[in-house]
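The next block holds one structure in the form of structure tokens; read it before the comments.
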Amino acid sequence: MKTVFKRTTGLTDAETHYCPGCTHGIIHRLVAEVLEELDALETTVGVASVGCSVLAYHYFNCDMTQAAHGRAPAVATGLRRVLPEDRLVFTYQGDGDLASIGMAEIVHAAARGENITVIFVNNAIYGMTGGQMAPTTLLGQKTATTPEGRSSQLQGLPIRVSEMLATLDGAAYIERVSTHDPVHVLKAKKAIKKSFEIQRNRQGFSMIEVLSSCSTNWGLTPEESLKWIKSQMIPYYPLGIFKQQPCIGEES
Amino acid sequence: MKGNEVIGEAAVYAGCRYFFGYPITPQSELVAYMAKRLPEVGGCFLQAESEISAINMVYGAASAGVRVMTSSSSPGFSLKQEGISYLAGAELPAVIVNIARGGPGLGNIQPSQADYFQVTKGGGHGDYYTPVLAPSSLQEIVSLTREAFRIADEYRTPVILLGDGMLGQMMEPVEFEDEKPLPKVREKKWATTGTKGDGPPKTITSLDLNDTQLEIRNNTLQQKYAAIKEKEVRVDEYLLDDAAYAIVAYGTVARIARTAIDRARKKGIAVGLIRPVSLWPFPATIISEYSSVLKAILTVEMSAGQMIEDVRLAVEGKAPVFFYGRTGGVIPTVDEILQQIDRLTEEVAI
Amino acid sequence: MKVLFNEGWCKGCGLCIAFCPQEIIHLAEHLNRKGYRPAQVVDQDKCTSCAACARMCPDTVITVYRPDRKQTAVS
Amino acid sequence: MVEELIIAGFGGQGVMSMGQLLAYGAMEEGKHVSWLPSYGPEQRGGTANVSVVISPQAVGSPVIDFPTSAIVLNTPSFERFAPLVRSGGKMFIQSDLVDCTTQREDIHCYSIPASSIAEKLGNQRVAGTVLLGAFIEKTGILSKGSLTAALNQVFGEKKKHLLPLNIAALEAGQRYICDF
Amino acid sequence: MKGNEVIGEAAVYAGCRYFFGYPITPQSELVAYMAKRLPEVGGCFLQAESEISAINMVYGAASAGVRVMTSSSSPGFSLKQEGISYLAGAELPAVIVNIARGGPGLGNIQPSQADYFQVTKGGGHGDYYTPVLAPSSLQEIVSLTREAFRIADEYRTPVILLGDGMLGQMMEPVEFEDEKPLPKVREKKWATTGTKGDGPPKTITSLDLNDTQLEIRNNTLQQKYAAIKEKEVRVDEYLLDDAAYAIVAYGTVARIARTAIDRARKKGIAVGLIRPVSLWPFPATIISEYSSVLKAILTVEMSAGQMIEDVRLAVEGKAPVFFYGRTGGVIPTVDEILQQIDRLTEEVAI
Amino acid sequence: MKTVFKRTTGLTDAETHYCPGCTHGIIHRLVAEVLEELDALETTVGVASVGCSVLAYHYFNCDMTQAAHGRAPAVATGLRRVLPEDRLVFTYQGDGDLASIGMAEIVHAAARGENITVIFVNNAIYGMTGGQMAPTTLLGQKTATTPEGRSSQLQGLPIRVSEMLATLDGAAYIERVSTHDPVHVLKAKKAIKKSFEIQRNRQGFSMIEVLSSCSTNWGLTPEESLKWIKSQMIPYYPLGIFKQQPCIGEES
Amino acid sequence: MKVLFNEGWCKGCGLCIAFCPQEIIHLAEHLNRKGYRPAQVVDQDKCTSCAACARMCPDTVITVYRPDRKQTAVS
Amino acid sequence: MVEELIIAGFGGQGVMSMGQLLAYGAMEEGKHVSWLPSYGPEQRGGTANVSVVISPQAVGSPVIDFPTSAIVLNTPSFERFAPLVRSGGKMFIQSDLVDCTTQREDIHCYSIPASSIAEKLGNQRVAGTVLLGAFIEKTGILSKGSLTAALNQVFGEKKKHLLPLNIAALEAGQRYICDF
């Protein structure tokens, strides 16, 4: 018997506190698998943010530090500027964390070309605090703070973070992926792996935006939630690579 | 060298190689100094996009176990409050400089001591304290910067170096050779530097969703604070042996008070100076002891009255405590303090 | 046994069920220690070891094995 | 008489709204009441409990150290609260989900297969209401009438159709407990 | 209604039509409530991108002269410190809610009173105070929210409403009819709403580059604070007439203490409760007066000991002051407080 | 005799504290002239930021409020949501203020489509605090905090704010102009006027980025400084319109 | 008088000088009350009232007038 | 003897570096010294002043309320500091820029056309040094030697060529003041 799929050693033995069907769990696993495959668990320092993934430091089997809400890119910068070059540094941030309170930090980390990997979990909502509007909440989407649905007049249009950061010269690699079916999960893993490789090559800032579900706060079942990603989110947040700087070898 | 630059060189001397800062008058010279100096000694200076980013970069660097510093002035310091609370909660060592200026709000860029409450009590949320050292001369900056890093490392705590625009901007001769450099950072086993096969992963956090666990964490902090209170009180006493009156003042104001005391002594008034050097832990015991034998105490601050609360808490009614303060960047003059000393003697006589 | 469910970890979210091409995964009648109805496969033989279930499981409940190919199958 | 009740279970089991229903019921009767929730870190799943104090005078502490009654909907909650119930107090156990019994002889313990009862009524989801029926029957702290009024208020116009089912559940709970 | 929602409705009742906030547990229900409620009454709710933006949106709205509110919980409140200092410096009225939780750092989401220092003293930079009201029941939320807006408008100052997770999350019956609605905002001539031909342009600022000018500004503030200290002290006294002992406690802890006192009274112990309702201005005079006749005072807080400093400053050694505190979100129980009362009687007996 | 040019009533009688030749003075005048021409002095509330222009509230002849460093867009939002619709609200911000500490605030104001006008004075440096690096400082440019010149490795590449904000759907109008000669000063004025008109039409967020000089901290004479704008800044910060949403009339 | 300099306000920055197409503006020898050498035009006749100076002056020092066009000029 | 000197003028007139030069000179002589600047809001232009205390013992307050000497380079500074100079103190006025004289008879007032003198030496910019020459000559607080050493230190290798001019300016200032 060959083992086709087993739990990665990139995760600790802890059971997660996530809601049933929450794709945070899938994304955790992908990052952990990549770190294991890159043999990087012993040379990586991760930065957990504040959001449902606040306890990420319990789950990843590498050194972890926990940052204040929105400030993970700054904390990662502190680590990056201090640690030896062979270390890998990543942040794991939600859309409230990264795109709302932490907007200045992410823009500047990207502009500086800070050599870190950012895993950006976009679930179009604040999960942790009970389903308030995020900067990525879709128009018309009902949340605790947009009881009538998000309106462009009152709350403006959702921010496409990948597209925006791609305008910055410091950003080396930016891709948006999704978790709504096995094929896209595989693609997501490939993107995550690539971003860590780019960091290893010291090419600068990279970010993988992962479309993720929050069935609890969307008021859908886990399965419906994945369909909602496909039918509602992807049309507004198209998947793909938004920035890819030539590899160091390829330059010239 | 200006006071701000002395802080920078003293930090380098104390083994600090990392600095994350954001410009603000009247401490910008420190930022500029570090920008120039740290690369020379193989360190790294980074101008953060804001004070908030700066303190969180410090959090990251401190997580990795290095000696690291940031600095700001009053409004910028307010912005760091959440970050300082996180540093305290996660027990990370770092040195934070506040070269205070006139407030509240945007205020102005003149010297002030109106951040006393903020640095000694209030500041961020939750039950924590940060040791606060308040030098009053450039030479003392050198020794206290060194001490700040020692205390930070020894107790795993953020430490605040509090000055004001006057101290930051002035120049006077300084010797570095007199001071021992601080020994290298000893290994910080808790630091998140990548496990490198060396045991299980480490985590740094201030979160504890379980209330009982968080209380245990808080008790640990409180024990640490008790130890600091016991061992790290610093105070400078001047002409107190025969004093009937004492002025309590810190930082640059203490210098002005000292000149006033010299003049008052010439007039035959037996007045001395208690200068808290550590503002937290506050030298309460010493003040309490003196207060039993003094006729009256005068607290002088560049504020509307902040340290006076700690003085009164120490004195507990054993002697009258008077106050003289100037605000908004106005520096109390020697003459004004002399007048206050006279008032003191008169009021007590009545 | 081609798919192994770590029952205690399962949260009964049903994502494995939704993506199993063989439609052989179901929620059990009983509750696990967490209070969820855990996913399970009765008919292991129908499993193709495609691992779609494991890839979609947010809680790393599932391990997938593939029987060594018989020589005969190759010929 | 002051009733200090804790209702505890997994998140998603409706623990909070059970407490809320009792609180509204108490208000109906002009009693003083406080309702205080406590959640684990999880949004869904994980444990949650709610403290309800019903009192003829103004409620002092809304925090309950030692409840006079407890309704437990899962095993961890049983384990946590069984030792805390006051001597002479009552414990209501959702026995479809908890198969423990306490060794304590100084408290009254009622095992109620609430899901099974609810299922018989046609909807698993009213298991909580069944338990509430049992609770008011045994403690006598509130009347069925006030709880019905509370249900009415909570459902409003939109969910009015759920009322009969819930009243039936209340009654089923009351009936079941009479046998103890 | 949950406590958080009561705050919202009470604010609407007090004429508040604008709210800028950012979600944080355990106050998120207030934000959600306002999102739903304000449009119904023709007001505007906006979810800001951060606590910092929220407090600065409040600054803008207050500049235009409307009644406006924001709210947060401990870490978010720390982030507002610079903004609050600006509001105080520019003399802008606003109400800021802090539903405090366990700290320091990220801590947890359980109730806490460890932000006492931050809201009553420290907070932001510079010499300013903010009136702080601490309700202990949902009904009191209604009256104190109204008062908060009155004080804010009357003195042109930010006012803080301090609660904890317990108060924010609990439900109990509330009547709005008993409370008079607050009269409409009277014209704020200083507000920047466009001159509309009505005299010269107005400016709102906290800047004064000239130190003498800034000192004058500070003196004005201090005079205002003196007036508030004189007129706005609020305290609740319970069973103090014949008391030999008193507990000092505020907010939700005071409720628990009250239950403990009732039980202690049954045991024949003559203990009463002093409940500061305004934390700043602190009811120092009243406590000072009682302290001359009491055998001992017990301060109970959900903190490692913060309000106790104000108690000690008021008591000035006239009676022993004991402390009992729980931290990290642990709520002191009635039994624990009863034990402390026993300790009190014993220690004083010795 | 006809008066061809005279001091606008949009400015108060106060003399500015700016250094000799500082183009903040020109930009002030342009805004003031526009407000006068639009007859909007009595219906405008301006928001001064923290930077050399901190005292702007002394100079503009309309209601003014002074915001904390970087937070002018939030303050303007507070005003905007409260004031009657006929009022105009503008911020006047430097590049340190807007693009560094205030990055989150400006991005979100733009994303919300907040109906305000932002005057963004880009002088590639922190003037007020004595010449430190700004996010807009050019590569190689020496400042107090980049004594060896800005390096892309250490400090990353300068941020082109207009280009970045133009990716946000909420932004109605974004243009970059310059002050380095009379022709461009005239164009700058036209752009500023347009942005206020857009606000008047309630079309949403607009920002005019004005390239400006800081001879004091650049270490050049005022005249040399204008040449430096032309030769050094404009190549990296091209002038032009980066976002222009169809006028309300033009929509459909 | 086509250009009028409000001498007390001038900071002697020289921008008007740099952009005057007629090259008729110079810094005076004396200092104004602020301590700067103020800009001045001696040869007003050469001025074309183009206002380039005024447009570039950061300190609104300059007012520019244009003489009414003579009828003759039109013909 | 403690010398408490304030030098005041427009920003950009070199007030700060004049103070710095004196401070270095004092250190050369092993004296205690403090140097404290004070700026207006302007980066350039506007007023600025610096307080220099030179003392045989450790300097207490670096702030000077009533200077023993003042060097003033513009009219606002003259107006501000003339009333503050201590009785018996000295005031040095850059008379090319300030055409005021004080009514006070209890202080010594020296008008020095420093720009004119400097211009004659070939460079307007050394006006400050001329004033310093006058200052040390009249107060005797520092020797020309230590000030030369200070100049040497400040200029370093790069600006060494400026030394002779500055020494000449110092001497010119000294010479000019002798006539008073």
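Per-chain residue numbering starts at 1, and chain names A, B, C, D, E, F, G and H are given in the order in which the chains are listed.
In the analysis below, a contact is a pair of C-beta atoms (placed from the backbone, for glycine too) under 8 Å apart; a residue touches a chain by one contact, two chains touch by 3 or more.
Chain labels with UniProt names: A, F = 2-oxoglutarate ferredoxin oxidoreductase subunit beta; B, E = 2-oxoglutarate ferredoxin oxidoreductase subunit alpha; C, G = 2-oxoglutarate ferredoxin oxidoreductase subunit delta; D, H = 2-oxoglutarate ferredoxin oxidoreductase subunit gamma.
What you see is a predicted model; the values in this text were computed from it and never measured.
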item	value
Length of the shortest touching-chain route, subunit B through to subunit C	2
F-G against D-E, pair bridged by the larger set of C-beta contacts	F-G
Between subunit C and subunit G, centroid-to-centroid distance (C-alpha), Å	86
Inter-centroid spacing, subunit F versus subunit A (mean Cα positions, whole Å)	34
Distance between chain centroids, defined by C-alpha means - subunit D, subunit H (Å)	86
Distance between chain centroids, defined by C-alpha means - subunit A, subunit C (Å)	27
Two or more partner chains touched - positions in subunit F	18-20, 54-55, 66, 68, 100-101, 103-104, 108, 128, 130, 135, 155
Set of subunit D residues in contact with two or more other chains	40-41, 45
Overlap residues in subunit E, where contacts from two or more other chains coincide	46, 49-50, 52, 75, 82, 86, 90, 105-106, 205-207, 209
Residue ranges of subunit G touching subunit F (in the complex, touch as defined)	9, 11-15, 18-19, 36, 49, 51-52, 54-60, 62-68
Residues of subunit A defined as touching subunit F within the complex	100-104, 107-108, 111-114, 135, 152, 155-157, 159-160, 163-164, 167-170
In the complex, subunit B residues that touch subunit F	22-25, 28, 31-32, 35-36, 39, 45-47, 49-51, 75, 105-106
Contact footprint of subunit D on subunit C as seen in their complex	11, 31, 33-36
Subunit C-facing residues of subunit D, complex	10, 13, 45, 74-75, 97
